[in-house]
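Before I ask anything, here is the structure I am working with.
Naming follows writing order (A, B, C, D, E and F), and every chain is counted from residue 1.
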Amino acid sequence: AASPLLSPLTTLRRYSARRRGGSGGGISSSRMNALAATSRNFKQAAKLLGLDSKLEKSLLIPFREIKVECTIPKDDGTLASYVGFRVQHDNARGPMKGGIRYHHEVDPDEVNALAQLMTWKTAVANIPYGGAKGGIGCSPGDLSISELERLTRVFTQKIHDLIGIHTDVPAPDMGTNAQTMAWILDEYSKFHGYSPAVVTGKPVDLGGSLGRDAATGRGVLFATEALLAEHGKGIAGQRFVIQGFGNVGSWAAQLITEAGGKVIAISDVTGAVKNSNGIDIAKLMKHSAENRGIKGFDGGDAVDPTSLLTEECDVLIPAALGGVINK
Amino acid sequence: AASPLLSPLTTLRRYSARRRGGSGGGISSSRMNALAATSRNFKQAAKLLGLDSKLEKSLLIPFREIKVECTIPKDDGTLASYVGFRVQHDNARGPMKGGIRYHHEVDPDEVNALAQLMTWKTAVANIPYGGAKGGIGCSPGDLSISELERLTRVFTQKIHDLIGIHTDVPAPDMGTNAQTMAWILDEYSKFHGYSPAVVTGKPVDLGGSLGRDAATGRGVLFATEALLAEHGKGIAGQRFVIQGFGNVGSWAAQLITEAGGKVIAISDVTGAVKNSNGIDIAKLMKHSAENRGIKGFDGGDAVDPTSLLTEECDVLIPAALGGVINK
Amino acid sequence: AASPLLSPLTTLRRYSARRRGGSGGGISSSRMNALAATSRNFKQAAKLLGLDSKLEKSLLIPFREIKVECTIPKDDGTLASYVGFRVQHDNARGPMKGGIRYHHEVDPDEVNALAQLMTWKTAVANIPYGGAKGGIGCSPGDLSISELERLTRVFTQKIHDLIGIHTDVPAPDMGTNAQTMAWILDEYSKFHGYSPAVVTGKPVDLGGSLGRDAATGRGVLFATEALLAEHGKGIAGQRFVIQGFGNVGSWAAQLITEAGGKVIAISDVTGAVKNSNGIDIAKLMKHSAENRGIKGFDGGDAVDPTSLLTEECDVLIPAALGGVINK
Amino acid sequence: AASPLLSPLTTLRRYSARRRGGSGGGISSSRMNALAATSRNFKQAAKLLGLDSKLEKSLLIPFREIKVECTIPKDDGTLASYVGFRVQHDNARGPMKGGIRYHHEVDPDEVNALAQLMTWKTAVANIPYGGAKGGIGCSPGDLSISELERLTRVFTQKIHDLIGIHTDVPAPDMGTNAQTMAWILDEYSKFHGYSPAVVTGKPVDLGGSLGRDAATGRGVLFATEALLAEHGKGIAGQRFVIQGFGNVGSWAAQLITEAGGKVIAISDVTGAVKNSNGIDIAKLMKHSAENRGIKGFDGGDAVDPTSLLTEECDVLIPAALGGVINK
Amino acid sequence: AASPLLSPLTTLRRYSARRRGGSGGGISSSRMNALAATSRNFKQAAKLLGLDSKLEKSLLIPFREIKVECTIPKDDGTLASYVGFRVQHDNARGPMKGGIRYHHEVDPDEVNALAQLMTWKTAVANIPYGGAKGGIGCSPGDLSISELERLTRVFTQKIHDLIGIHTDVPAPDMGTNAQTMAWILDEYSKFHGYSPAVVTGKPVDLGGSLGRDAATGRGVLFATEALLAEHGKGIAGQRFVIQGFGNVGSWAAQLITEAGGKVIAISDVTGAVKNSNGIDIAKLMKHSAENRGIKGFDGGDAVDPTSLLTEECDVLIPAALGGVINK
Amino acid sequence: AASPLLSPLTTLRRYSARRRGGSGGGISSSRMNALAATSRNFKQAAKLLGLDSKLEKSLLIPFREIKVECTIPKDDGTLASYVGFRVQHDNARGPMKGGIRYHHEVDPDEVNALAQLMTWKTAVANIPYGGAKGGIGCSPGDLSISELERLTRVFTQKIHDLIGIHTDVPAPDMGTNAQTMAWILDEYSKFHGYSPAVVTGKPVDLGGSLGRDAATGRGVLFATEALLAEHGKGIAGQRFVIQGFGNVGSWAAQLITEAGGKVIAISDVTGAVKNSNGIDIAKLMKHSAENRGIKGFDGGDAVDPTSLLTEECDVLIPAALGGVINK
């Protein structure tokens, strides 16, 4: 089978997925972790730029890393303690910006790498922000909504003095969503007064941006268009395999379909579907909402999710890690 | 040779020393690091107390850990970046308390363990404080006084919002001294107004406590007296070997001599001296001040420092890691 | 005589006026006070919305009520104490917003009701604000300008920590005006730095909005237009009776005249005038400014102010309570 | 039956008890409420002192009154809203001081009166404090410990900016205890740093004062001694009736017994006991702790609690309202 | 006539008095002002100490000088503007300390000198404070009490962020007194909460120190005793001339008399009295209080105040500049 | 020779230049300093406006003046102390605005005058700002870049509480530039969080305004155009003499040339050039950048700089004092 085209932006995510034995696994030779990969890339860039070695070292060390203990009463009355953290990489170009993820295997090295990547991403996009990333080591799917609220509020109490509209502005990430941001906003405001700008990705009703929901998926579309354009191609007529059907994958699938692409296979944690004539994404959206996953969808053949990564296609989109809150 | 008596308090330090291939090395079988040792001890205590497992877990997770980048101009005009950190273990009983050390091999696990030990020490001594520990990964001996000042001030700028008289009160530790505390006090006061209470171990002229200089060495004397008393013995007439002649070792040597003990061997980083009739400590103090170390002292036989740990004696005092600032 | 059309928005004010034996009195059957009326209306709305009873109760309790003692030296050197207050009803949708009134009969229940109405008004208008209301129990007409300044500054000193651009933004109301807001702004700025956004309704020279002066009167025009439109009518050709010729009534009269309406009777605290051919409002404005009231105006027949409320007309506009500061 | 001696200090409490139909009820002629009684007493004092009428008025108006909405999730997941408040009467002589009570019938007038009395009490005792009082309208006995904790923390979040070691220092009162103060201390410290001095009456382990538990009961002893001394008598040999066996009544009973008094009748909410030979208080303490009340005690005759107030005795001590938290 | 003994401490004051054409004038050759004299003395000391010239320069430059405009409404309704200032000389040894004077000829150079002298005085007395001085250019005797209150409050509003218990602690000086400090304390507390320690010299009822009233006069006694002791003499039997009978002079006279000294001449702004048998100070105190000055006292001969400075005596005490507030 | 036209705006600068013996000196009759001139002008304006004399006096007194000691280590390790200051004249119309200059002869009276002029300039231009000015008494050309950085940071530490986006916003002035503003911004942000708006004139990369570099020179063009228009003339065809070729003079020369003016003589501190056919400004810019000054330029005749002021021309532009940092 022909090797699919992979955009450079997804390379890091692939490394990360692999380290965990990844949901879609299979590619096993590389052993480099996210931080090592990011640092290697930065060092290559530094060499090309002729950066002073002291400045290079300074840019690799994060501005600040913080870990805090978050203890909450569970619904059953027992206590549970979680470790929350925030890595703030660089604020030379403006307030730091980056997601907060809730995941049971939050990996300090990976988060460190992602915070650093946020610095480079905001710089390359030339917007006046720096880079950060954070999260809590927990399994959001195992916590009730009210436990998640208590955990988010305690975490916010512990870091409120280190974030802020001129300092560091969190956003949703894996395992967190607009509701999480609303809790942060509310708890932060107890200490600093009404501060809607302290988070992005909050509910539209509380001042969140229109289009935020689809933004990452739309970014996948744009990146894919750019990558294909380098090969003299367009979205229309290409065959896509999408690994993941959460916030990113489902929007990517919709937008690619709108742009004339043919999605021939999709997986999520419940299963995978394949249809070489193109999957009816609107129908799959409806099925997934009603059945909490792809499993059982009759608009194609059910296949082994791990088989997707070797499926013949023009573009493979790995989007497998997000959107698992309270399913 | 008879095995020397070792006070429980020095056990942890021994483990630490060993891990680094320790200055006095030699004991090699144990591989347990400081954090593992501390956690194991705490778990044994928790079991004896019948602690709820959730509470036990909560007590093992530090309240807050912070790492910050400290970039300073060196005297030669180049930039240098160092990583400073502070582990705040627990504040349930009052403001956290613990030293700040400057050492090129600052080990996060060890610091974590020492912060935790500060919690248990203040609790056992029943003083209204919690536990913390911190430092900067640097070789203080390789930095000029003015570089040390700049580094200390930058570190203070980065953590000033997280320490304070009601929050966390630093103190001198390995590689830092009263001058370091004076810099912290001055820099902290720029942000929060004149705050002499924000550090302990500051110069007596700035409100430091009388007797602070000798305090750790005097504590060694008291612990040793208590240990010997359990064996029905006193300081007088015992033979002591002391590894280290910095702030701790030199005061311990003086006080033990005053109490009638006989110090028969002492080492520091420059050399070691042995005299089975007892070393003249006052004379050694003078020699060391003038020659920046024991080396060349004529009040006994020069010996290999590593041989001290197997020297026959009644009490071995390992005090080898401190007091190296700007020698 | 035909019963005049009354816009729903003026209903509450009518109730309030009545309770005090109101300046224009006459309608006497209803005994329900402002808070009871507001709560009854809210409960009906809650029922229609199917609101949870706990949420309903929560929405009825104000977020915060505060009463403060304001003691000032009078011009004659004696001390005088006044009670100032602020009711902050709800900030779920943004900073709270509402007027500050100076009146000798400030009625806690009424203010409570008005604060709650501000919440519903900002919500219905879908602007990101909550609701509040406040004032001082005093007779502004009996105080000199310099006593009013001292009183306003003392009141501001007592509540400055509870208002602010992200918390609660006062505005002029009965017995207060742009000058009052300027004093609040200046006193607040002593504590929090130059903060022009802490009040609205301030002088245009200090950053106040153009058109603010006419805004309430213009709102009366819009509401009346909307009410008439429901009956298939327009302003033009209708006969209006206006009770009150302060900030609201005089602007309403001007704007209604401009829109082709005919104002056939107007009253203020000094007297009332009636002219079935339509009163010349521009001329009345000039007369009122020169004579501090309607009394003596020769562009119609002088009538008993209380007779206005039963005068035959198409629209009766009750605007009798405001604008009495230092006339 | 002879009328018992009543100390002036208990007069107010008697009025209060009566208004509610009081636990021991029965005296019905007086209709004056607490605030009216306090104001009347103050006005008499002002007249005797020849106070300027403006100053008198100023001293009657509280410095600040605040009411806040406290909404918490109940253990069953539903929301519940309570009204918390704080009346701060006067701070001319130092930080304001006064209890926080949790009671379902918190009466604004009574609290206002009690805040004012705190001002006079601290002034008469010549300690550098002013007067305040506050509470939450709730039935603490109907709330679980964890609901009480959430309610206390929310209340503290709402008033934290208005209390403080130099401003207003709360203390336990009816329906609250050392645990309540510990929650306030902890929540307040989240906003202002570790602040043990922000409340008094906290647990001894957190810095509370030794003897605080018995203090009110001991005050009853001292007041009673002083009252009897005016009649040329002592505690020894007098017959006491005590209405209430909570924190105040039980300590008063113990201390009076130690001082040689004979307690011949005691009541609490569960029942009453009478023994003209004197009740064995130590034995009653044990019974009450084991049986959550006096009911069933075999060291005397069970009687109707309401009969106590007309029982023949030398001193009647009304101490019936406190200490009902989570029995 | 024999030249009187003069203590070194009064030298500076003599220079200052002279520059203004001084109340007691007469000595005219010297033209050196206070700042020049202080700097010259400091430079001599620096030379004796072998101070580095850079450090010497640094010690001569004040830490901070501030001038602020203070505009108040006069009692007649007009506006008046005054210049207030504060010179903060050095805080290396602790919070700065120094008086606030109200005088129509406040001389920046003199104040600068006095601030510097406060630094040396607190250092020589080895108390942990630095030095400052300030004031307002106004004639306190021409302002009503209520104008003085307004002026003091406006001045405090302008400098409140630059003073404080850990920064700079004002005290009364020429033309100010305990009442002035009470106004500063109250106004400062509006911004920073109840802060009695922000000023010294406040009324005893507000926490002022006992003995503060007599302190400066007592200091004159101690200095005079020390000066005389150097000449082998004591207070007893010496003849004293005291220029000034304000707070300093009157206490000095009382204390010197108690110690056995004979006060043979005293002056104030109203006149002077001479009695070679010793003036009855208690009687003069009474006369002065009743007649607002010495003038008309019949316990000696009325003399020309300027003649005092050349009167034959053993000790001349120049204390002529203070205590003129609202006489 | 004909007297050149001088715009009123440059009058003050001429006075200032003259007082110092100015770089281009020569006009010697006037002896009035900048403050006297400014005050005289203001008093004339006040007279024309019919200002109340109290208000006039109040407007002449600055709101606040501050002087601070700034001590830094020089590169050679010695200490050096400088005096920094800030005069804040008036904030009635908004935050104060004005430059910070580094010059060895900073003259308090001149700065006072310039601060006052900023108030009138922002008022006349009707932008919502007040007026301020400040600086440090130092020779920026004698300090290394790293000494200038340390000095700027220490100065910022000393005044950070008195400036701010709502209070007082510094800008570059003589001897300071965009780099200076970047240091202030960075140091200020350590205390108050990321605050790019605290200074204007910062580097474009940090949010500075486009066109700021040329702004003052462009203002000279506009003012000259307006002045000529009053005489019925335009820039085109006029002959210009420009004294100074720093930031102001070089931009003025370029823009005047672009507008058709003929620059016939220019001077800077290195020399002067004259060419009656018009100097080629682009060529002179290149020469000056390469040779650090005009000296040696071959596009005209080298002349004595002092002769420029009497050179025959239509417009003389004095722009001789700025832009000397680190040449």
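For the reader, a short list of remarks on this structure follows.
Throughout what follows, a residue touches a chain if its C-beta (ideal position, glycine included) is under 8 Å from a C-beta of that chain, and two chains touch if they have at least 3 such contacts.
Predicted, not measured: the structure shown is a model, and the values here were computed from it.
For the pair chain A and chain E, chains touching both partners: B, C, D, F.
Chain centre most remote from that of chain E: A (centre = mean of CA atoms).
A centroid comparison over C-alpha atoms places D as the chain most distant from chain F.
Separating the CA-averaged centres of chain C and chain F is a span of 51 Å. Once the centre of each chain is set as its mean CA position, chain B and chain C turn out to be 70 Å apart. Centre-to-centre spacing of chain E and chain F amounts to 44 Å, using the average Cα coordinate of each chain. Residue positions of chain B in touch with at least two other chains are not found. Two chains count as a pair here when they touch; such pairs are A-B, A-C, A-D, A-F, B-D, B-E, B-F, C-D, C-E, C-F, D-E, E-F.
Chain contact summary for the complex, chain A toward chain D: residues 73, 77, 146, 157, 190-191.
On the side of chain F, the complex with chain C involves touching residues 91, 94-95, 128, 164, 166-167. Those residues of chain C lying in contact with chain D across their complex are 52, 54-55, 57-58, 61-69, 71, 78-81, 83, 158, 161-162. Across the interface of their complex, chain D is touched by residues 193-195, 207 of chain E.
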